[in-house]
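Just below is one structure, and these are the notes that go with it.
When the chains are written out, they are named A, B, C, D, E and F in that same order, and each has its own residue count from 1.
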């Protein structure tokens, strides 16, 4: 669809098959929500997205609410991604927001985080995961304010952002907080595909929404291998997920 | 049905197939709710509705609660709609209400917005989306008051209005707030149609309700292409959505 | 069933097929709840019920919480019902209770409304819709009190009353407030019938309850045409709805 | 089952087929809950139970929370039951508790009602319906207290009692308040039976529980005719309801 | 399984088929939860368990929250169990905790009940039912505290205990309070088995959990006859319940 | 997958089939959540994990919130595991946190527990079960804080940890608190597999998530025998659970 494929520059995701589904990558400047059940590879997708930028000389920032920095880097090393070189060269920054430090974390997100991210100059940002923002506030209102503030901070410097979110365990096509979809320009859903007997037979993803671009709406299988996530964009639509 | 097709003047929607389903367009002066899951084209339908008016020399107002003005216009440009000319000529106005500015936004909606819209002289109004009104109030009562005030403001000047709303992710035939249906004269549901195997095989819409006119009750397929939404009003009812 | 068909005088509903299902009409003095999803013709049924009275020289009162008077009358005119003549002759009265005017509306319903209705001398009353009463109160207790007061006001003058109510969108066999069924002597459910493939293939209604009369329990198809609602009481039971 | 059929004297229900299912009637002194959706004949069953007592010279008390006395008696007259003679002779008493008179009703139920019922000397009591007790209290705790007090008042004089209750509209095998089952010695469920195609094809009842007696657990069809409820205890189990 | 069948002494349940499923009975000292819908025989199972102890010369205590003592004993007499002899000989004690006496009952459960039970020297205890404990407290926290205190009181003297609990009417595989499973060493579920057409065709039970013993996991049919509950442990697994 | 199988040292689980599914065991230092319905063997898995460490000369700590120490040890003895020797040699420690002692338990978990565990020098820790932590706090916020504090305490000394959790009875693929999945690096789900007729035909487990390692995603049958849990990692995927 020519009309929509012009518009914005694209930011390759580091996953060839996903780029193909999206017509080249995420539209530049988008905030994209990646939701999925535990174990579907959300953190992996986020790291892979950043490392694709690093390989192209783009600065990236990983904002971790879920894991400490050390185990996170270990994950990246297992995929043989050059995280240590990226850290040394300054192309990769890892920030940690500890959801146990409620007051301090809220203050940072609603205050300086935008400038902090802009100062770091990241062209790509990953926040892993927004689900843990809920732990910072006790009421719905506080959660919304925090989520909006986080998204605004990410957008402030013009970066392209991936927010990961836990899927609702009962209705996995929705994020656990039910709000993250509101702040995102796009939603990528990681899930399972099921065989004709209803059994899970592998992983599959779907692009639910992507503003300002046409995109494939089919369900495509993917795997998490030693080099990260690989999407088979050619497979016939499985329909499930 | 001759009895109902007389009554009111019709406002063509800019989507030929939808006009056909409605007997010519939305009844003039109606407030029509357009609900759908993320990625089903609600914003696109709203813009297309306004640009159809612009093409006919009618003033239109886009009231954006969801996106900033710049990315919104970019979306319109991608469909090659002459938004810039429309803005220059004054036929298109874009207003922004930022849900993060709670107090200020509430004050505007419950106060001056009606006069503001009347002064702009828009014959068509789009509010994208009413789902974000919920973010302005913390209690059910405040949400209702705000929603009613918004609808009243839109009706004040006699314009025909499209309100977009997120569908409830679990029960997508209902709006997320469960209230928007109350203030609307009509409801158009954007969704998916499913094949005999239960898999989503494309987009489809249905007119759930349209006061003061008879309308088709079938489910018709549509697509979002480079020229916007196109509805196939001739296709056999798919039943799903 | 002879035992039950004697008892009360019947009030023909203006819909021949429905009268047939009920053994002649609503029992005189009953408060009958008409529930249905948006677009199933609740307001139409209410107007048709009043106009059937007008045609027989009976006074009727339409109490509108949902729409303003002008669009409501327009609806009636589209069905070519002589509302203007009825208004001129005093056989039809339209009262408006605006749910935005919370305090004033509550005061009226819980205070003078009964006398007001009695003074008007309406033999038939329609309240469209009781669902909007919920907007007047913030707590369950207030909602119940208001609903009971409204029903008492309608009963005060001995009229036969139709209350319309939104069906619960998820469980459409129940009213949205889950309370209206308590105050009613009868419940008529407007809904959809589904084909063997589960697809909606048309409108259908069912009499769920009607005190002091036997009634058909089957699901009968109906349509909304240029002359209003027509029920096919002869069709074989569709079972659905 | 000889062991259980001795124990208690039985109180015939006035419905031969139901007596057959229960081995002769309700066990004397039991509080039996009759639940069902609107229109399944709960009030009719209650009246029929009292009139069976009247026919045998036993005093009965009908405690009405739902309807006023006049329409209630009209219902009984339509079944050609000699309510007027019963009222004149003092064998039938009708008490009205108005759920709109919150304070006064609560005071009566929690205070004098037991003595009142004992003084009346009713051997059979019907309370129609306990669902409306919920309207008297705003919190769960108050509802429980009221329900327990009502049951205690009914038990105080040793009568056999029928409590009617609305079934939960979504899960009709449960009472609407979810509590009434706790205070009852027996539960009779009035519902619908469904054909092989899932469609409702008639009324059917089931005895869910009956302390101190063995009972049939099958689902038996019944009808509401000019002489009241008739249960076909010989029909093969339909399983549904 | 030899490893697990040694461990603890077994307490025969009085139901031969259930003993067979459990490898001899409940493990001595266990607190076993028996859940089921109304009418599935929970009280009967509890009485049968106590009377099996009485027959073996073991003291038993029945703690009744649900029924008064008189009707409870009547139930036991109908099964021709020698409750009167057991009461005279002191082998059976019946305690009554009235859920209407909130303050007093709470005080007893959280205070002296453990010593009281120990003083009585019961080797078997039945509490019928823990569901009514919920009536004693208005908040979740109070309910938990009370339930833990009750279980602790039962364990204090080393007896083997049966707690009966209402099953959740919507999800009958769970107790109504959703907490009782936490305090129990074992769970026996009383329910219905369904035929291939989905209809209930009889009663069936399953041992969901039994600490420190292996146990059959199949669903076995049972009946409630004149001599109490009889379980058919030889029947092929029905799967349902 | 060579990339991921290097990374971390593995901690054999004591269950050969599970080790095979995980590529050698739990990654060292992980916090692994084991969820399942009552009776699926969660406590057994935890004990087996500790005793495998003991057999290899590694210290283990069992933190019991659910059972007292004596019955817990009895369980282990029934599996003929040398718990007494392990206790004597100091290789096994059992700590008891009593959920009834709210204040004291909270104080310990949020205060000294980390140091306590580090001082004990356990290389393996089992917490049985985190579901009972919910009993310590009345609000969501307190529950989260406690759960995070417990996980932090376990991680403090570098041990590999198993947290057991009750599965949600209605949606057994989720833990009862819906939070435990957040703090865990891995999730093992214990459940039932169902035959083609939908009946439970045995136990089966699945590894839902395991950070920093590839793992089998299939559903594998297991049994609880006299030597503990045995997983058949070779069986064809059953899909269910």
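Everything below uses one rule, namely that a residue touches a chain if its C-beta (ideal position, glycine included) is under 8 Å from a C-beta of that chain, and two chains touch if they have at least 3 such contacts.
Just so we're clear, the structure is a prediction, and the values are computed from it rather than from any experiment.
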Path length in steps (a step moves to a chain that is touched) from subunit A to subunit C: 2
Both-way neighbours, i.e. chains that touch subunit C and touch subunit B: none
Shared interface numbering between subunit B and subunit A [over half = same, under half = different]: different
Rotation, 0 to 180 degrees and nearest 5, that superposes subunit D on copy subunit E via CA atoms: 60
Chain of greatest Cα-centre distance to subunit E: B
Per Cα centroids, the chain farthest from subunit C: F
Where subunit D and subunit F are represented by their mean Cα positions, the distance between them in whole Å: 51
Rounded Å distance, subunit C centre to subunit D centre (Cα mean): 30
Interchain centroid distance [CA atoms averaged], subunit A/subunit D, Å: 59
Ordered ring members, subunit A first, subunit B second: A, B, C, D, E, F
Subunit B partner contacts - residues on subunit C that touch it in the complex: 37-39, 43, 66-67, 71, 74-75, 77-80, 99-100, 131-132, 135, 138, 166, 169-170, 195, 197-200, 202, 224-227
Footprint of subunit E on subunit D - complex, ascending: 1-4, 6-8, 29, 139-141, 144-145, 148-149, 152, 171, 173-174, 178, 181-182, 185, 187, 207-214, 217, 219, 237-240
